[in-house]
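Chain nomenclature is as follows: A, B, C, D and E, assigned in order of appearance, with residue numbering initiated at 1 for each chain independently.
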């Protein structure tokens, strides 16, 4: 199959499947099981399709005549598409127990999930601001609704409200920025903008600078960087666990797919202007996130707050992208993968043990889980270690790349600062471990069942470990080197 | 698989295997014994095959993360040999001494894990590999304290963990920094110790990077003022963990000073040596005096360890052949003695349920063998002749006098410092009339003797025939001294 | 005319922002958001006229469509919120905060 | 039998017997006592015989035995061989150490009879002898230091032998700790010596032949530090405090360690380094003064003690002071000779005291031991002879040795030293006869158990030695030829004193002594004077030296410990860290006020972000344009 | 010149009505003010020949969306006493205006500084339905199609959230 075909097939399949389930859901023969498995199969198939194109460097415009060069399918987008399709698959797979035990995962939820993934797929391929925006909105709106899926929960409604309101607010900044860029560059195509920047002086780029800044603010909003990310804890808390996992892991990747593309193609010329801003953003994000994370009693909120810190790390890497050296971009992709698999696992474990309830999972709810369910506890511990950046987990390699790239770009102090926030993060991540292992159990032994969910949790844990130490020396399974190669190809394919 | 890899990965693999397989605790213990015995056997073979005059031996080199030049690169020389041997010897002995007391899978699994971790950290010649092991050996200890500790164990294990990780993270940045510098100067990434030492750094840079490394080591050792995690942690930790911490992990900190700082920043190390000597000497006296008023055995021994570790630091930073050899020797000697002492404190606690010296007494009357060994190891800490500690202290003091006469005098106080508290311990614990707590004190059982006798013999052997052991360390030390004195070619 | 249009659009945008933040009534907040979008539209149309290129208008058309979809969500939001608390006061919905 | 083997056997036979006893003791319960006795006596007996043999050959044929066992350490220049050498000095040392040890062993088999820790005692005892031999036979100072520390260690174990009474343990601790303070000096000196001249080898010969290269101030420092070691071991001011307390040990221990052997190690060491001290006259004089003050001080304190062993202990300090005086003025062989005689009579005194103690139900206070002459006539005779000896009544052995010291002091020109020595020697007579008269010449009578023969016979041997040992070194004035001094052949300073002066000195001295004896007799014999003497006077309380040490050293250290651990480690550092963590969390709480859940505030933060970002951007762009 | 005057009047009207919109106490007043603003904006569209957009603006915004708002206001039947008691409303308005002012000022300054106008003369039929349609289906077909999906998503979402339980 040609890459172009796959580029069309993947979103097409998602869309088709979404609409099919939407319609099929009205039929009486529809059951939740069927919808679930259809979605799962769709994700698996599309993932396989996407992943088949990541092994080599390539870059094509998808139907350039019809789509007017608005879509680009390159290794970069293929990588990202594979990533979040895999993420979506994993979220759903782990969430099986949660979905079965709750009533509000109707067929629409699967539809919206597919739609959001569709939006993300387009977003990662979009090479034009309006297309990207619409794709982003498709993804966002699906997620807004997914957040508020549990209509009877006050929390979910409130989360939906906040996310929608602030999301729209942020979106309007994007539009304003896009308008300013368009006003000056007279085009919304990324390549066109890049060309304009290349051929003009700074005094005729003022609006582009301002507009790019506004777009960046939207991105910062989506990845929940301080001060634009105040929503994140509330929304993560309000949303049901699989959705939170989905947002934290998958959606963030999609946003970064676009952010990286736009950054590498356009913004990089303004590196000198934006770097201090991003660095400032990274610093306040890391501080703010870790401040909020240390005080939380709820594990979910802690994870939410800590996701802010992780955004800070990503911003470090973003600030470290240089014209001459784009290692930082590789680092971002790697880190995204590392974070997504770990966060997904962590939220997945929570969703697995939450039994579908709306209750907060506080730290003390985890007390003594290790005695009862050693496998779950071990997996959660591995995820925590990875999030904390403990060596031998993928999270460490991610941080390693980010810090290295930061130092390479001369941001040694920033890297040091990142290390210090990582230090603080040890506190709240290890707190989970302490509760899991060292506290006496308060509740009776529960059988959670759902070996499939458990299996996927364990698989994720293994990926986390393998990504931390894995090497083809031992087994012929792709390890760190291969992931690294992949990120490199992705970034290089942008220039093709 | 070759020797060093067996040393590193056999315990880890067994630990992982045991983690996933739920089997009878007796089988776990047997397996533990089998594995640690194999390790001991391999280590002994290594010791015999070791060629004192060759620089780095049994080297294994495999590419790990190609892009960043991170490799699985291990090797052993005179410095690491001592810790490897200690690690191999102590682990089975811990099991022999404790096998009746600990009926939890986790205890043994974590011990195996930490054995592998320490082996890895000691043998690594690649900075990232070192960092990896340096960090992961923390985990088993974290778990052991949390799972099997006493008192406010959760708080304390967290504190210990965070404290150590703070240092490690700063060190990580330092490692990355020099790696990036290497890349800028040589065009490729490398984390290999022997390649990184070729980089040229300005003096500010190298002092900063040095401090980054040193912070991690200083916390692990610990050097004043980074010691405040120490007493509480030792107090709360279960016997196995305390032994590992005091006998092995703390030594890793000092070992790393030699292995990494002296290799990478030999000039800077030399420049800042006076400060660290001063800090070490201060710590030596400070911890020694602090220990005087303690009544909790483990806290006191913790401070005693800290005092000796400060001495080791002094010995290293004196940076002549006597200091280096003496400190390396003290690392091993102190590992043996403190391991044995903590082991015995564990036995004491198991029998009397107390760690406070004020509530003990008269044990010598009811348990002469216990008293004998306890006194022997306590005295070996004090450094009486014919024990290993004496040899090491003499060498360090010699080095110190060689360095500077005043430093020499202060260093020589080490022969006084340990006595301040050790005799109090011996008297209060062993002597006097037995009281309510100790009147039914059971003397050493056979298996405990089996664990302690080899340690005692080794301490004696190292004290009486030091030359046999030191000949393995000396060439390496000489090599470092030569390197220090040789001018850097491109400066 | 382009600059004047854009300045007006910025002013409207700012007014929209003020309304969004200052008002507690969610309906007014929603209208402020619409105002933001309209402000952008205004400029786009002006740019389009200035360039003599309809693209700008098409974009604003798309934005209107987006606004419409937002409207749909907001309508359902009103319903959900009102159902829950019988009020559309934004300040009442603060139960998720992390304030200690 | 080769010579080096002899030396090795001499050294190792006590070690072997110690090890065997020790292993038997810890591994098998209820070993018959005679097995221990046999092993212990074998160990010390063999070495005693060998010692006599070796000394004889050294004396007669001037041969130097040597033995090289193995290399202890070899790092660069620091090459320490475990080598033994029996030159004249060493031979002289083992000449009295080994036999006295053996005798005390025999005595101890009686003293410790039926003791439940019989085996342990002899294990320590033999180990002690091993270390003592190592000390005197070592061919280099490092090995000597090992022996030096080793005797301290075994002394610690033996002083605290009856550990059920925690006070004994503390006495042992004190002994070891104070000794170690001296060792600190000794070790430092050794290190400095090595650094200065170590490249030429570490054997005594090598060192002493190279000391000329050391600059004088350094040499003085080394000499001083070495003497600090001697101070500790030989219980001189200010490091004497351990010795009286060390009497807590069983009496054979006091006899062997704290009278005859270990405490003399300091003297041996100074004599060993005689060439060095000959170059550092300032330090030598210092030694002399320390010796003088120790002699006087201890003698004064001894006059108001009531514990029979404490009196003897102070007497030992005092006698050691005499030796150091002699050493200080350069009369090395004189000092050594006094040490030689002292070891006999002081051991005898201690053994006698021990025998009394055993016979009279472990009473040690002379006020409770009154009137015991009738029940132990043999003991009385021996004790009396020993007292006469220590008083330097001619022609008993100490007369020759002490008189030689007095002459040397007088001749050295340091009259003040001479006067102090004279006063101290008179005080010696006073306190010794006070002891004798109080205990044996009393109106009250009491009966005690009789002593076993194993205790009496060694004492008898020692009595004979005490009487006649002086003949080995009869000065010219009595027609002797100073056999021992000649044999030792140490670089003694030569003093010239006319025979007439010497005779006057002797006679005056003797007369004074006899006068003091009479005074003492008047004062104490058949009188209650002793009951009236206060226990609380300045002298009885040893000038409050222990209290002063406690207040000046121990208490401040303890206070420092509290300050270090509590105030600095805990309050200052640890609490700062905790507080930092706490503040971080508090800051988190404060920060969480911003996360108040109100969506409009969230929007406001975004606006803040946007505005500040744009302000920054604008400033930057303005600057760029 | 005529255009400028009309622009000035419309701009003023837009601004005033927007301010009224955000400051009116009752939502119904806001909505009415918003209608005025929207119509003014539509007129401003018309002023630059965007005739199709003019129509769309009137129909969709002023017509559809606003009636939706009004419908909601009526449907939910929010009484005056149910309205939020916005005591500090004016302070908020003032404060936020002050905060946002630099943002606006900076953007306006940048716009003034940038010489972006090209002043192309529009062709005949510019901004008409045909013109817009052609552009939409040639150049912007992808966003257009995507918008359709977006609307579908919104629809599904709205239904999901607002539907009653069965």
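Here is the rule we go by: a contact is a pair of C-beta atoms (placed from the backbone, for glycine too) under 8 Å apart; a residue touches a chain by one contact, two chains touch by 3 or more.
All figures in this text were calculated on a predicted structure; none of them were measured in a lab.
K.L.:
Minimal path length between subunit B and subunit C through chains that touch?
P.N.:
When the steps are counted carefully, the minimum from subunit B to subunit C is 2.
K.L.:
Averaging the CA atoms per chain, pick out the one whose centre lands closest to the mean of every protein CA shown.
P.N.:
If we average C-alpha coordinates per chain, B lands closest to the whole-structure average.
K.L.:
Which chains share more C-beta contacts than any other pair?
P.N.:
Maximum number of inter-chain contact pairs occurs for C-E.
K.L.:
What whole-number Å value describes the gap between the mean CA coordinates of subunit C and subunit E?
P.N.:
Chain centroid spacing, subunit C to subunit E, equals 7 Å.
K.L.:
How far is the middle of subunit A from the middle of subunit D, if each middle is the mean of its Cα atoms, in Å?
P.N.:
77
K.L.:
Approximately how many whole Å separate the CA-defined centres of subunit B and subunit D?
P.N.:
So the centroids are 36 Å from each other.
K.L.:
Where the centres are mean C-alpha positions, what is the separation of subunit D from subunit E, in Å?
P.N.:
Here subunit D and subunit E have centroids separated by 102 Å.
K.L.:
Could you pull out the residues of subunit A that touch at least 2 other chains?
P.N.:
In subunit A, the residues touching two or more other chains are 130, 134, 137, 141, 144-145, 148, 151, 160-162, 165, 169, 183, 186, 203, 206, 210, 233-234, 292, 295.
K.L.:
Provide the list of subunit C residues touching at least two other chains, using ranges where the numbers run on.
P.N.:
2, 6, 13, 16-17, 20-24, 29, 51, 53, 59, 62, 66, 69-70, 73, 77, 80, 90-91, 93-98, 100, in rising order.
K.L.:
List, in ascending order, every residue of subunit B touching at least 2 other chains.
P.N.:
Touching at least two other chains: none.
K.L.:
Where do chains touch, given as pairs?
P.N.:
All chain pairs meeting the touch criterion are A-B, A-C, A-D, A-E, B-D, C-D, C-E, D-E.
K.L.:
Which of the residues in subunit D end up touching subunit E in this complex?
P.N.:
These residues of subunit D touch subunit E: 604, 607-608, 610-611, 614-615, 617-618, 621, 625.
K.L.:
If we count contacts the way the header does, which residues on subunit B are in touch with subunit D in the complex?
P.N.:
Against subunit D, the touching part of subunit B is residues 225, 227-228, 231, 286, 289-294, 303, 321-322, 325, 361-362, 364-365, 368-369, 372, 379, 384-386, 390-391, 394-395, 397-398, 400-402, 405, 408-409, 412-413, 415-416, 419-420, 423-424, 426-427, 430-433, 465-467, 470-471, 474, 478.
K.L.:
For subunit C, which residues are in contact with subunit D within the complex?
P.N.:
17, 20-24, 29, 90-91, 93-100
K.L.:
Help me check something: in the complex, which residues belonging to subunit A touch subunit C?
P.N.:
130, 133-134, 137, 141, 144-145, 148, 151, 154-155, 157-162, 164-165, 168-169, 171-172, 175-176, 178-179, 182-183, 186, 188, 233-235, 237-238, 292, 295-296, 301, 305
K.L.:
Subunit C touches which residues of subunit E in the complex?
P.N.:
Touch residues, subunit E against subunit C: 3-4, 7, 11, 14-15, 18-19, 21-24, 27, 30-31, 34, 37-38, 41, 44-45, 48-50, 52-53, 56-57, 60-61, 64-65, 68-69, 72-73, 76, 78, 82-84, 86, 89, 92-93, 95-97, 100-101, 103-104, 107-108, 111-112, 116-123, 126-127, 131-132, 134-136, 139-140, 143-144, 147, 150-151, 153-155, 157-159, 161-162.
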